[in-house]
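Below, each structure is written out as structure tokens.
Common to both upcoming complexes is chain A, partnered first by chain B, then by chain C.
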Partner chain A sequence: MLSINNLETSYGLIKALKGVSLDAAEGEVTCILGPNGAGKTTLMFTLSGIIKPDAGSIDFFGTSLTGLAAPKVLREGLALVPENRLVFPLMSVRENLLAGAYTRNRSDKDEVEADIEKMFARFPVLKERQEQNAGTLSGGEQQMLALARALMSRPKMLLLDEPSVGLAPVIVNEVFAIIKQLKEDGLSIVLVEQNVVKALEVADHFYLLDQGRVTFAGTPGEMENDDVIKRAYLGGG
Partner chain B sequence: MLYFLGIFQTIGVHTLLGLSAYVLLLTGQLSLGQVGFFAIGAYVSGILTVLFSWHIFAALAVGALVAGFFAFLIGFPALRVKGLMLVVATIAFSEIVRLFFFNLSWRVEVNGFDVGPDSTQGFREIRYFAANGWEQTHVVALIWSFVILVMFLLWWLDRVRAGAVLRAVGEDDLAAQSSGVNLTMVKVAAMTAGGVIAGIGGGLFAHSTTYVDHHTFTILLATFAVSYPILGGHKNVFGTLLAVIFIQGFVIEGLRFMGDYRNIVFGLLIILAMNLRPQGLVDGHFISDIKKKLGGKPKKDSADA
Partner chain C sequence: MDFVQTNIDGLLAGSAYALLALGFSLVFGIMRQINLAYGSSLLVGAALAVWLEPILGLGVVGLFLLTVVACVLAGLYVERLCFAPNRGKTGATVPMIASFAIWMQLDEVSSHLLPSRTHNFPGLEIPPMFFGDLYLRGDQIVQFVVAFTSIAALYYLIYKTRFGLLLRATAGNAETAFLLGAPTGRLRLMTFLLAGFLGGISTFLILSADGQVTPLFGLWSTFKGLIAMMIGGVGSLPGAVIGGLLLGLIEAHSSTQFGAEYRDITTFGILFLILIIRPGGIMGVSAYRTGRLAQERI
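Take a look at the complex of A and B:
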């Protein structure tokens, strides 16, 4: 379980997170909504140790992650799939998957190979293209690869930053089908998403982030009945 | 014969310079600072053999370490700048180093002669090899031992996980971080390794030419340094060696009759190569073609997937 308390993060003089508190429960999908520039990516970067917070605390299954560097956070079991499906474009699909296992022990070689086979079972398209450079994959395939790469670290919780953005509706459905499967397999997920209709299919909890602050927290039912959110995100009155 | 030995020396020294830029390029850092580290290695090791009568190996080692130390220090601020800004910052560094040695005057009497860096007059008495009975073939052998050693280490690095981590940082540092790579450590380590390699190259250069001055360490040399791995491709160390042989052996020596116009040829070549072979001369296809010709199993690519 992930518990964030009063997290503040800034870029120089710009404060991007102004005291964010939220919880993400084990085995659930916690969805973070918010307009562009709300600070969603900043929150993901702060959680995964890529940027350091100015204040506040991050607690993950009883361990404090506050101020830990990225490799340590990943070793604790919190893995980020960054926005814009960042893959290593000149590496093969297989090498990309191996990169996801950098923080694992070298002695795990056989297990890492076994995990790669598991990824190929989950994402058959990656198996077909395992020797191909990741830069030549389609957007949807790259998103699958970025997801699989993060899973290669064997995380307890996955942070997904806008996995559906810029993808065709069919592919978006595939991405969400994968998220559902991962949830059924017991993985905890924090999902940053703009596509509320799709998010409603998988999320157990919602938070709305706006200008660096949490402005709403609730269940899917509560969210659907919230006037402000209805107008802004569900296109209804 | 002496003429060819001279070319071998130049190619060897430039290969070290190119490899020092290669390491950085792997992590996506385009540096024009390699000439600065090269100059530090040259002056420091020269000062040690000439003014303090050190053995060449000790002097080369300390020259390389001092260059590596400065590279390590430069590595931290360099983390904060990328792309063009890093190019500009490293040019500034190289110029600072050059101007420092341009002004450095440290004359000492050794065996009845005044020796040492003489600011604008340069540093003209780096005659360790001649004074200790080394023949030019020995010098060439020494230079190439280092070239082979460094090439072997870098080639080996590419076969282990550390090499993959360097490349991961070069391809996308954010993706690398989210895969648990310690960006600071990797980039600073690459900068330091590049500094050490350039420092050795500088020390060998100073002792094989017997004199250096500030004209030696200009931005032109820094441009050569980065162009080797760019032209050769950073898929593999041999590309850098081929690029040096081509540029130094063919463009600079072969076209000697063209005088300074060769620099224009050099510039045109870089533009041409970047357009025709953006991955460098020795790219993945080149390597699998060679493997095919040698009868090895070609790397499976998209076509048969």
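Take a look at the complex of A and C:
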């Protein structure tokens, strides 16, 4: 499991995370909600080793990830699907998947090929377009590719940064159906989302992040019972 | 017959331009940065090689190896000094300006290594070949064969190996490649070494065909490489090859048609037209368009 304690991260003089503590349990979907500028993406970047924290600790299945660079974090089994997909546009779908398997041993070649076939079974549209450049895919297809690419490293836990951003409602439903499937397959997921209704459908636990601090932690049921939060995040009431 | 001969001459010269353009294009393609010190790093490599060769007494093969090694080392020097410290922090401008300063520095070092200005550069002594009226210089044929073997090897490396896959991933999006575990810092360094290696080969081929090296070679190779890259398409590897060959053809034809003194003005005129009709170069447009389409989707 992932355990974060008092994490602080800053960009120059601006403190984006002001002591964030949270836990994400094995086999669950942990959701992080919050308005723009709350520090959600900063948290994802700090967890995955793109930015180094100023203070605090990150513990992942008994190993400290604090201050490790991205390649090492990935090798420990924590993979980030960045916001906006960021597929390699001039490389084919298949090559994108191969790039995702970079941290695996060269001797795993057959297994990597087998995993690519598994991804094609899970995301049939990628199979159809395997030789096409990723830049020619639609937004939804790119999101599927980014997910599949991250899965190619065989992570223990997946960090998903706003997988529904900029996608049509029908496609958003598809993305969340896949998140549910991955959860049923036993993958642990930390999900950052703005689409609160959708996020709460799949979340086991959730945290509210505001201005670099955790302001609420609980289960979706507990949120339904909290009028203030319900009004702020679900609207109505 | 003259027309065929001119085309042959142009393609033979163009093969060396193609290698020079590949050196610029590799660095630009992977890092989105122009290495202005590239030509002068090749000059200092050549100057070191002709300075060391008589001391070590290794002959032409030794001179070839010395040139390649010295150009790779010069590339390493430029990367460590200009590009590595500014990685990602300062944008593309600071490393480019720094590489301009290194250009001046390396040119100065080279002119001290070549005090007589024009220094003999031993060539390959291969007899010319005749096919009817066609005349083919032996060393230029070697130049063509070596250049295209290098280009084929580079193609294989970039498009068929794991290393090439990572290099292209880093070119597409360095931060994401890093997230997937790619050692992006090392890949950038490798790009410079690879550019130095290709540059070393082209330097030897060009200088041994000329039979001499002067301190002007740095500026000359920067010009030829950059122009070939701009014609073919900035940052595109196939574009660099096409641009190099076209530059050779343009120069050969303008020399025979209008005389040597109009060679460069014709080249610049054609470059001007290409940049108006297809900004980004011949192969640059498609790459640019796909990239932008991908951006728009996001």
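Things worth noting here:
The working rule: the second predicted complex is superposed on the first by the 237 of 237 C-alpha atoms of A that agree within 3 Å, B and C clash if a C-alpha of one lies under 4 Å from a C-alpha of the other, contacts with A are read in each partner's own complex, and residues count from 1 in each chain.
The criterion applied here is as follows: a contact is a pair of C-beta atoms (placed from the backbone, for glycine too) under 8 Å apart; a residue touches a chain by one contact, two chains touch by 3 or more.
Source: prediction; values computed, not measured.
Superposition model on chain A: chain B and chain C are shown in a clashing arrangement. When the shared chain is aligned, chain C comes close enough to touch A:138, but chain B does not.
When both complexes are overlaid on chain A, the residue A:128 reaches chain B alone and has no touch with chain C. In the superposed model, A:166 makes contact with chain C only, not with chain B. In the superposition on chain A, A:89 makes contact with both chain B and chain C. Shared interface residues of chain A (contacting chain B in one complex, chain C in the other): 48, 50, 70-71, 74-75, 80, 82, 86-91, 95, 98-100, 102-103, 106, 136, 149, 153.
Interface of chain A with chain B (complex): residues 48, 50, 69-71, 74-75, 79-82, 86-91, 95, 98-100, 102-103, 106, 128-132, 136, 146, 149-150, 153. Per the touch definition, chain B reaches chain A in the complex via residues 161, 164-165, 167-168, 171-172, 174-183, 279, 299-302, 305.
In the complex of the two chains, the chain A residues touching chain C come out as 48, 50, 70-71, 74-75, 80, 82, 84-91, 95, 98-100, 102-103, 106, 133-139, 142, 149, 153, 166.
Partner chain A is touched in their complex by these residues of chain C: 162, 165-166, 168-169, 171-173, 175-183, 287, 290-291, 293-294, 297-298.
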